[in-house]
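Chains here go by letter, A, B and C, matching the order in which they are written, and residues are numbered from 1 within each.
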Amino acid sequence: MSVAGITVALVQAVVVLVGSPLLLGIMRQVRARLEGRAGAGVLQPWRDLRKLMRKQPLTPRGTTEVFRMAPLVLMATTLAVVAVVPFVTTAAVPAAGADLFVVVALLTLGAVALALAGLDTGTAFGGMGASREITILALVEPTLLVGVLALSVPVGSTDLGDIVTSTLRDPGRVITPAHVLAAVALGLAVVAETGRLPVDNPSTHLELTMVHEAMVLEYAGPDLALVELASAMRLTVFLGLWATLFAPWGIAGTTGPGAVALGVAVFAVKVTALGAGLAGAEVFLAKLRLFRTPELLAGSFVLALLAVVASFFFG
Amino acid sequence: MVILLIPLLLPVLTAVAYLAAGWRRSTAWLGAGSAAVVLAAVVVLAVQVLAAGPRTAVGGLLRADALTAFMLVVVAAVALVACAATPAHLRGEIAAGHASARTATRHTVLVQLFLAAMTLAVLAADLGVLWVAVEATTIITAFLVGQRRTRAAVEAAWKYVVICSTGIALALLGTLLLNYASLHAGSGAGLDLAALADGAAGLDPGVTRIAVALLILGFGTKAGLAPLHAWLPDAHSQAPAPVSALMSGVLLSVAFYAILRVKVIADAALGVGFARTMLVVIALASLLVATTLLIAQRDYKRMLAYSSIEHMGLLALGAAAGGPLATAAVLLHMLGHGLAKSTLFVGAGHVLQATGSSRIADVRALASRSPVLAGCVAAGVLALVGFPPFSLFASEFALARAGFANGLGWATAAAFVLVLVIAAVLVGHTSRMLLGASTAAPGAAPAPLPLPIGAATTMVLALVGCAVIGVGAAPLAPLLARAADIVTGTP
Amino acid sequence: MSEALLTQLVGLGAGAVLLTAVLVLWLRELAVVIRVFAAQGVALAGLVAVLAVHEGSGELAVVAVGVLVLRAGLLPHLLRRALSAAEGERRVTRPLVNVAASLLAAAVLTLLALAVSQPLVALAPSPVTAAIPVGMAVVLIGFFVLVTRRRALSQLTGFLLMDNGITAVGFLTGAGVALIVELGVFLDVLLAVLVLGVLTGRMRDVFGRTDLDELRELHD
């Protein structure tokens, strides 16, 4: 990997690390305003993280290494993805890393680690959260993989850089049925995977409905901060991935400082817009009953499958 | 060619007349008169076709070859039976308060349009027009089936329209695909039936196979063949008697005529194997369905309806066997079945009007209450199960012979075992209605059952016709032979 | 029109038609289903319009307008009227098969349609005929809706969905079916829907509701 590549990876890591709590803050602020509340301000997630960081590390009795390692694994996998995905420029992507299947696998690994940690606590809520998370994961995974396949068929490669480059070269591809269907399917998968409405409500602590929150209930202090930060980063990564795949404009083709700076700015705008849109939509949505979730995900799977079919037939 | 337009336009004109004048004593026999004229015109047309070959009209959209001419005879003959029985039926309905003069007017108008649509289906030179006409029959008859507005009638009408429209939609898809194949065969045949049959060898086999499968399935739905037969017993048992007579007697045959036309094309394009396999499976399935549901049947109108499924199955078997003998037998069977079944439905209508129940168990001692009606019903059922001298004996016998001769031995054997079972069941059910002690108090004389003289004459004449054809089909023989040539593809 | 643009537009139209078909299967609320159905009519008309421009055929352009009026205007209007007459009923479909399973069935049906229509595409490979499998898939999905829905109006939607699919196949096969036949088909569909509409109304008069579960009078 070249020096430029390492620089770009670092830039991306820093941007996402710093930016994702802000994104979360913006989304909460949008929601608050739309609901007629003043809101806590964009910086509130960072303030929360700072507060948690200062607290004493604490782990529940009876938990094992799995519980302690999970936040680190989550953070590490997310960072690895952030480093290799061409969010900002396609020029410096490492040859082997940015494969879409690898990216999906890394992100899933993080989620599985967290689910295991939830089981490890041995509490009712942890187990329930983990079981729900795994259910959703099992339904989302096929959609993600099939959707990825649909995007890679016309390009002939599952490499993210190649997909982005070929879309940039042929912008008309974005409105082919394969792309449109895949965009809807992956959009639903992203919503489910990041635990947003209508699959999971990120702001609830109601035991009957929560999924993600139930798993991390036992975490406290810096561990919780790490989990929260990594989760925010995952949200950014998923939104960024979606934007990169379906609206790659603005992604630089070189590693020059100007191009990278522009890429960062465009990336920030795209992700913020998507996040704000998602938050705005959430105001009007009610959470689906857990039993209805498979329907939604089966639907997104069908769309992904249709996308593959379409990509074979209309190229 | 005016003679070609008479069977098509006269019913329409009659419908207009009914619409203008309404149904009353003076117009009651108008429909029957029109049907008689049509029958005469059709016979003239058949003679002309035999003498001078196919006739066309309206820029080639209508075409009458021997097959069409024969089908027109079937339609006209059964139409005459049904129309002649209509006045008595409607009078009975009005007297019983089931219908008003308005309903009666609507009934007659729709029946005439129904006849026109069936005639158009048979006359169409183009598969597209044929399709439109068959779909039109569904729409027109939907209101006739639901005429009585009872729960059962509305349910029957709904099932009828939904299932038949779906089936016919499949046929449309098949038509479009056949057109696609024809387009790329480069013969310029379009959907013209005769041209398609001539140029069938150039059709793409892959596309034609899908098209033919859809067409047979689609028109098979309308012909009451399995697997989409569920509408038939409901619709035929709920429709007014003359309409049941028409639907069971000819509408099914008209739909089957469409299958025959498709089969000509399929045999030329794909070889005989494809359509034959499909038809054999459908035939056996239909016979099986009819047998199983007839055995424990408690409703005599439904019994007649299931018997129609049986006979359609036999037609499908005959079509599968192919060859001149089987095809001629299929056509003769259509005519015989049409006459016998329409007679029976007319009779069943009078039984229903007199007893108010369509349950077999509620009808007893018909023979002593109305000997004429009982005699007609008995003769009709005997005709239906294939007793000589009725023509169904000749046609079923020929079907069996052709089936064994053309390599469908097992299928034919199985089919005729089922036919035997059905015959036994039909005779059993009917004899329970005709004979037995009256349900009235013991000792009391059974209440006589009124039968209007018009209806009685119609039924007797129809049965005599059926028997005459059975004894001496000689006048029909050249027409049948020529029509069979068309179906078997021999020029 | 260039080949690439044609491919893209046909693909887009066909994709929209298929997507709306899946949505009909997915959604429960009848009012929304009718809206989706209207959207499908628009997509279908767009598809025909693309073909009209491609072939420079004025006749086809007229047909496209006809498709738009009938399938995006008139039929949804009739459905909506039937629905509003059904005031008081719960306006949701009650499928016999749960939604997740129907969606998976739709996926299977689409693959089936692809397999079945291979000879159709192979006869005349072009960007236009490549979309035939989509039409076939819509036909199958429509049939599926028809057999798995209980409410009369939902069955009607299934029938119309099937019909849309057939229409799509008709146009994609470039079938220059004579205009008179085309007209006949249009009229027949309209009439069939009118008849079914009248029957739903009558069914409500007689049964009180249009749930086909009530249809239990006739059976063996």
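Criterion: a contact is a pair of C-beta atoms (placed from the backbone, for glycine too) under 8 Å apart; a residue touches a chain by one contact, two chains touch by 3 or more.
Since this is a predicted model, take the numbers as computed values, not measurements.
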Given which chains touch which, is the overall layout a line, a ring, a star, complete, or other? line
Interface with more contacting C-beta pairs, comparing A-C to B-C: B-C
Hey, which chain ends up farthest from subunit C, C-alpha centres compared? A
Whole-Å distance, subunit A centre to subunit B centre, using C-alpha means? 65
Between subunit A and subunit C, the Cα-mean centres are separated in Å by 37
Chain centre separation in whole Å, for subunit C relative to subunit B (CA means): 31
How about subunit A: which of its residues touch subunit C in the complex? 172, 175-178, 180-181, 184, 294-295, 298-299, 301-303, 305-306, 309-310, 313-315
Residues of subunit C touching subunit B in their complex? 116-120, 122-124, 139, 143, 146, 152, 155, 159, 162-163, 166, 169-170, 173-178, 180-181, 184-185, 188, 191-192, 195-196, 198-200, 202-203, 206-207, 212, 215, 217-218, 220
Name, in rising order, each residue of subunit C that touches subunit A in their complex. 4, 7-8, 10-12, 14-16, 18-19, 22, 26, 98-101, 103-104, 106-107, 110-111, 114, 127, 130-131, 133
Note: in the complex, subunit B contacts subunit C through residues 61, 126, 128-129, 131-132, 135-136, 138-139, 142-143, 146, 149-152, 154-159, 161-162, 165-166, 169, 172-173, 176-177, 179-181, 183-184, 190-191, 204, 206-207, 209-210, 233-234, 237-238, 293, 296-297, 302
